[in-house]
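Below: a set of structures, written as C-alpha cells.
In what follows, subunit A forms one complex with subunit B and a second complex with subunit C.
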Partner chain A sequence: MQLITCPWCGPREETEFRYGGQADLAYPADPSALDDEQWARFVFFRDNPEGAFAERWCHDAGCRRWLRAVRDTRTYVFAETRPYGRTA
Partner chain B sequence: MTRVDGYGRIDRTRTLSFTFDGIVRTAHPGDTLASALLAQGVTTLGTSVRLGRPRGVLGSWTEDPCGLVQIEEPFPEPMLLATTVDVVDGLVARGVPGRGRLAEVADTARYDHRHLHCDVLVVGAGPAGLVAAREAARAGQDVVLVDDRPTPGGTLTGTEMIDGRPALEFVDAVAAELAAAPHVTHLQATTAFGHYDDGFVLALERCGEGSDPRQRVHRIRAGRVVVAAGAFERPIVFEDADRPGVMLASAARDLLHRHGVLAGRVVVVFTVDDSAYAAALDLHRAGAAVRVVDARAEAPAGWARRCADAGIVVEPGTDVRGTLGDDRVRAALVGEARREVPCDLLLVSGGWNPTAHLFSHVGGRLAFDDELVGFRPAGDLPGTAVVGAAHGTYALADVLREGAAATGSATDAPHAEPEEITPRGTLWRTPGDPARQFVDIARDATVADIARAVGAGMTSVEHVKRYTTIGTAHDQGKTSGILASGITAELLGRPVGALGTTTFRPPYTPVPFAALAGRDRGDLYDPVRTTPVHDRHVALGAEFEDVGQWKRARHYPRPGEDMAAAVLRECAAVRGAVGMMDGSTLGKIDVRGPDAGVLLDHLYTNLMSTLKVGRVRYGVMCGNDGMVFDDGTVLRLAEDRFLVTTTTGNAAHVLDWMEEWVQTEWPDLRVRLTSVTEQWSILAVAGPRSRDVIGRVFADVDVSNEAFGFMTWQDTELDGVPVRLARISFSGELAVEVTVASWYAADLWDRLLAAGEPWGITPYGTETMHVLRAEKGYPIIGQDTDGTVTPHDLGMAWAVSKKKTDFVGKRSFARPLNADPQRKHLVSLLPTDAATMLPEGSQIVDLPDDGLLPPPPVAMLGHVTSSYRSAELGRPFALALVRGGRDRVGEVVAVPVGDQLVAVEIGDTVLVDPEGARRDG
Partner chain C sequence: MSTPEHPDFLWRTPEPKRHYDVVIVGGGGHGLATAHYLARNHGITNVAVLERGWLAGGNMARNTTLIRSNYLWDESAAIYEHSLKLWEGLEEDLDYPILFSQRGVLNLAHTEQDVRDSVRRVEANRLNGIDAEWLGPDEVAKICPIVNVSDGIRYPVQGATYQPRAGIAKHDYVAWGFARRADEAGIDIIQNCEVTDFVVDGDRVTSVRTSRGDIACGTVALCAAGHTSVLLDRLGVRTPLQSHPLQALVSELLEPVHPTIVMSNAVHVYVSQAHKGELVMGAGVDGYNGYGRRGAFHVIERQMAAAVELFPVFARAHLLRSWAGIVDVTPDASPVVGHTPYENVLVNAGWGTGGFKATPGIGWAFADTVAHGRPHPLVAPFALDRFVTGALVDEHGAAGVAH
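Then we have the complex of A and B:
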C-alpha cells in the first residue's frame, strides 16, 4: 500500500484517496461550440502514457481536498503532489 | 523414545498431554506437534493427496511440504504443518491427506489488528537480524524486530561461538539489550508475510492458544526494511525420496538442538554442501551412527578430518539413488550399483535457497549465483536491505558483519571465527526412474510430470508450475520451487539462471482469514447506520432492509401478515387516510454562499437560481454523458443558501460530485458544501388526512392549501424546538415532510403518531413508499435507471431547462443518438390477466401470434425495472424501460415468466391520479 503525500495532511495511505483520472482537462468554455467528436473526446477519451502522468486525486477519507499529482505509470511512484489548480 | 538428554530448549519439568490420530501422547512445553511425535517414534503423519503415499516431515519449520495435520481441538483448523503447531495441553489433531475441514462452528476467539510505525523494521531474529536491530537501537532509532519462531536465534544451534561465548548466550544478551532499549518492539512468533509499497509490511503474530487476541495482524509502516529472513535448505531429488525418514539435514539438526529429539539412530547424510557435515557431527555426538555420502568428487578436507576423528565414514564421489522401506525408510540405495546402506534416517542437503520473498514482493529481482548454487537478491531496492543468509551469505562472521552494516557499521559487528568454505556441488537430482522422483511432495508431482510439461512445449517455469502444480501447495514451493527450475533447465538444456524462478507473492505463509478480518466481522463487518427513530420501528415490529449502510424500515407486518399483505394495508392507509414514514436517511447537503445558485444551475438540468426563498423544486442531475445519476428536491432557505436532498444510497456520491466541480473546475465560485444528512431527520406524513394531523400538532400553523401551498416550506416551532414543514409528496397524496434536529426525531415521531390516531395513522415502510411512487410513475434512480437513461427517456423533458446556455450533461443531449426514437423509455406495464406479478429484471419481447416464445435469438425490447401489487388498482403493475415505449402506449407485448409468456399492455407511467388532483388534499 503506497503512501500519497497530501499537500495539506502529509503522507497518508492510498486507501484514504480516490482516483480522479487525468488532470488538466478543463470543462470546455462553450460545449455547444464543439462538434460531436470533439465533445466525445472531452467526455470519454483519456491519455494513457507510459511514464509521467498528471492526475487528479481526492483525499476522500482525510481533508477531502483535491490534489494534482504527477505519477509514473510504470513504477507508481509519485513525483509530486500539489493543491489542485495551483502550479507551484 | 528418541529424546536425548542435554539437548533442546524444551521445559522437561512439565508434561503436556495431546491426542494424535486418537492416541493420547505427551509432550513438553516448547515442543511442536512434529517434535513431540518424532520424540515418540511417530514418523508417518498422514498420506499424500493424490497417490496416498505415506508422508512424514521433511523440514522442521514452515518449509516442510508434507507434515499436514487437521487440528480438532482447541478449535478446528485445516491443513496446518505439524512442524509449526505448538503443542498445548488438550490438543487434538490427526494427519490428513492434503485436505482438511473447516470449522462448522463460529470461532469465538478474538483476532486483532495493530498499526506500527518505525524507522527500521528488521525481519528475522537470527544473527544478522539481531545485530541489525541492536545497531539501529543503539543509534536511537524506532525499531521493530519480528521473527516467526517462538524464540530468537534463527538457525543458531548453540554450538557456534559469537564474541567468544556460546551463540545462544549472545542471543539472550542482545534480546535483553533490545528489551531494555526504548523505542524497540520485539515480537517473536510473528511472521512478516507480505511486503508492499513504501515500507509497508504485514505480519501475523500468534499470541498463543487461549490468548486474547489469539492472533494479531501488525500493519507495519517502516522507513527501512531489513530482510534477515535466513535461508531454507533444499533436498535432492531421487527415487522414493518422499518416504518418511528422509529429512533435510538442517531439520534433523534443528530438532536436536531445539527440541532434544534425535530423529534417527542409524543415519545416512547425502549432501553436496558442507553444512550437512555439521548435522552429521551433531547427530553423531548425540548418539547416532552416521555415514556421509557426498556427491562431490572430494569431501571438504576439514570436515572430512573431523568426521574421521569421530569415526564417521565419508564416501565422496557417489550419490543416493533411492530408498527402501515400508512406511519408514529402512535403507538408502547408494551409487550406480544401488548398494543397500541400512538407515532409519536419511538426511539430504542440496544446498540452500535464500529466503528472499520479502525482497521479491516489492519487485526485487533474483539472479542465479553459480557459486552459491541458488537464486539471491540482485540489485538494490530503495528502503530495503537484504542481509545474511537471505542475501546468500552463509558464513557466520560475514552474516554478523552484514547485519551490523545494514543499520550501522560493519566494524561494530560481533566476532565469529572464519569458516572453511569449499565449492558447493550443483545437483538437482540423481539418475533414476523419473516417475518415482518426487519434486513437490505436497503435490505428488514428479520429474516425469516436468518432462511431460517440457515435452508439451513449455519453456517457462511459470507455465511448468501451473501444468505440474509444483509449488502451488500450502508451502508455495519453499523446498520444491528451485528444484523444479533446476530440473526444467536440465531438461531444456539451458542454464537455470536464464530460466529464473517463479514469482514470490504474498502471503509468505498461510494466513487465516479470521486474522485478516480481525474485528471486522459480524456486526462490525460494515458500519450499520440507523436513524434516530430506529427504536420506534423495532418496537412496531418493522422488517428492515439495507439501503447502503442504512437500516430502513421496509414494512410493519401485523401478526399473521406477510410482506404483501402488510404493504397492501399500508398503501391503502396512505391513499385512504394517512401514513407516516421515516425519511431521515435521505441525503441532505447544505449549499451556502453567494454563488450557490450558480453552482446548482451548473449541476441540475433545470434552473435552481430562480427558485424563491420558501419554495421547493424537484431536480435531476446528469453526468457529462447526459445520463441521470441522481434526483431530489431542493429547498431555497435564503438568497445564499439551499438545502439539497439526494437519494439515500447516493448521498456521499452527490456531495463528492459537487465538491469535485467546486474544487477542480470552478474554484472561484463562492460556495461551501456541508453534509447535514445526520443532523436533520425527516418524517413524511402522507395521505388525505395528513393536513389534519399536521394541523393538530402544529396548531399555530395555517395548513390550508392557500397559506401552505404545494412545494413550499415554512419554519415553525414545537415546544421551542425549531421544526421545518415542507409540502413535498413522493406518493402523489397530500403530504408534509416534517424536519427536525435528529435529537428530537423520536419524540416528534411519537407526537405525530399520537396526533394521527383518530385517523388511523399508519407507519409505512420503504416497500410501501416504492409502490406508492411507482403508481405515480416516479422513478427510483438506480432501480428504474442504470446509467444509460436520460431525463428524456424518463419522460422528464419538463425537468430539463431550455433557457440555460449550459449545464452538466446538456451537450450530450444534442447527440444524434439521443434523438433516436428507438431509445428505451420508461413506461408502465399492466399484465392483461390482471393477476401476474412480473419479476423485476424480466425481459420484454414482442407478443408472437401463437403466444409461444420462439427459439432464440429473440429481439429484446427492454426490461421490467419495478413491479408491485397495487391496492389502489387492485392488480399488479410494473414500470419498465421499453424501446420506443412512449410511442407504443396501448400496445400489448410479452414478458416471459417461467415457461409462460405473459401479455402486458404498455401504458403511461402515471397509473394513479393522472390529473394530480390529490396532492392538495
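Then we have the complex of A and C:
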C-alpha cells in the first residue's frame, strides 16, 4: 500500500483517500449556451494520459478535504500534492 | 484434465509489408478474432495485425475467462448472446481445442434491491431468448454446495440468477486458435511492432507509424483495449475511455470442488475453478487511472475476505499469484465501437472488465463493419455519439463486478 501526502495531515495510507478523477474541470461559465456536444464533453469526456496526470483526491478518512495531485499513471508515483484551490 | 500438445509454431513471423488493405492495431483477442472473420466471412486477407508486445500479452491472457450473455439491455444481450452462440461452435470453426466448458453462472443476490434487479434481469433475458432462471438459496446450494447460504453471514444469500449456458474457456488457446486460422488465410501477425503515430491526409489516415517503419493502410481498425485513448490522442480524437488496472488471482491447484461460476456484485468477488484446479478470483477495478499493470494489495485483500465469507472451505487455500491488466472503462459500462471523425479509422474499445466473452461476437461484427464501412447492426448502438445523443446502454448492474 502506498502513502499519499495530505497537505494538511501529512503522509497517510492510500486507503484513507478517495479518487476524484481529472482535476481542474471548470463548470461551464454559461451553461445554457452549451449544445449537446459541449455538454457531452463536460459530463463524460476526460483525459486519460499515460504519464503525468493532474487529479483530485479526497482525504475521506482524515480531514475530508480535497487535494490536487500530480501522479504518474505508469508508476503511480505522486510528484506533488497540494490543497485544491479554485485558481488551481 | 490433460491439456493438448501444441505444435512449435502456430503462425509465421513475417516482415511487415509496406501496405495493407486493413491494419488492425492490437494483437489481443479482439484484434485476432477480427482478422479471422475478415478472412473467413469476407475474403479480406491483405491484413496485418500489429502487436506492440507479444501476441495476447495484454488482457487476453490476463482475464478470468468468464463467458455469459445474461446482460440486462436488449443491445447488450444481442451482442453477447451472438458471441455465446459462436463460442458454442468455436472449437470446430477454429479446429483447435479451447477447453470451452459450459458450467453455468450464478449471480448472487444479497439484498432486497438485488433480488428485484435480478428477477427483472431474468425476465429481460428470457424475452431476449437467453437461458435464465431465478433460484432461491436452497436451489443455489444444490448447484454449488460449497456456497454459504446460511443466515450467519453479513449479507446472506437471498437467491441467484442462473445461466446454465455460461462458462469458461482457456484464454491463450483461444488467442492461438484465432491467430493460427488468420495466419493460414494469409494474414500477417506482426509482434514487437508498436504503432506510435499516424500519417494524416485530411480526414483520412494514410499510414501508421510503427517501431518497424511506416505502413500504409486502407482501413485502420483499433483493437488496443486499455491503450486506445493513447492512440486516439495522437489523432486529437477524444473519447470517454478511462484506463484502470484490473486485478485477478489464483490459488494453488486443488481437487475439483467448485462446479460452476459464482459472482457477487454486493459482496464483491467472483470465483470459478480452472481446468487445472486453481481457484480463479477477481472483483472490480482499482479506483484510480493507471497503466502500470499492477494494482494495490488492499483490493486483493477485500476480494479474499469476500471469497472466504461466501466459501468458508477456501479459508486455508493459498494464494499463488495475482496480476493485473489495463482495462478501458466507459461511463455506461458498455463498449465504444464504430466510426471516428477519421473516415477510415474504426474503433473497437471500452469493453472494460468484460470483453473476453465478446471475443468471437465482436470479431464477427467488427470485421463486418470494417468490410462494409458501416456499423454492423449489433454494434450500431455502441457508437461514440451516444454520449452526445444520450442513448446510453447502462450496464452497470450487470457488469460492475461480474465480468
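Going forward, the second predicted complex is superposed on the first by the 85 of 88 C-alpha atoms of A that agree within 3 Å, B and C clash if a C-alpha of one lies under 4 Å from a C-alpha of the other, contacts with A are read in each partner's own complex, and residues count from 1 in each chain.
Simple rule for what comes next: contacts are C-beta pairs under 8 Å (C-beta built on N, C-alpha and C of every residue); 3 or more make two chains touch, one makes a residue touch a chain.
Please read all numbers here as calculations on a predicted model, not as lab measurements.
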item: Subunit B versus subunit C as contact partner of A:46, first or second or both or neither; value: second
item: Partner chain in contact with A:3 - subunit B first, subunit C second, else both or neither; value: first
item: Subunit B versus subunit C as contact partner of A:55, first or second or both or neither; value: second
item: Which of subunit B and subunit C A:76 touches, first, second, both or neither; value: both
item: Which superposed partner A:36 touches (first subunit B, second subunit C, both, neither); value: both
item: Shared subunit A contacts, counted only where both subunit B and subunit C touch the same residue; value: 1-2, 18, 36, 43-44, 76
item: Subunit A residues within the subunit C interface of the complex; value: 1-2, 14-15, 18-19, 21, 36-37, 40-41, 43-46, 48-50, 53, 55, 71, 73-76
item: Touching residues on subunit B, where the partner in the complex is subunit A; value: 196-198, 200, 221, 624-625, 656, 659-660, 663-665, 667, 805-806, 810-812, 814-816
item: Touch list for subunit C against partner subunit A, complex; value: 227, 229-230, 233, 238-243, 287-292, 296-298, 331, 387-390
item: Subunit B contact footprint on subunit A (complex, rising order); value: 1-3, 18, 20, 26-27, 30-32, 34, 36, 39, 42-44, 56, 58, 60, 64-66, 76, 84-85
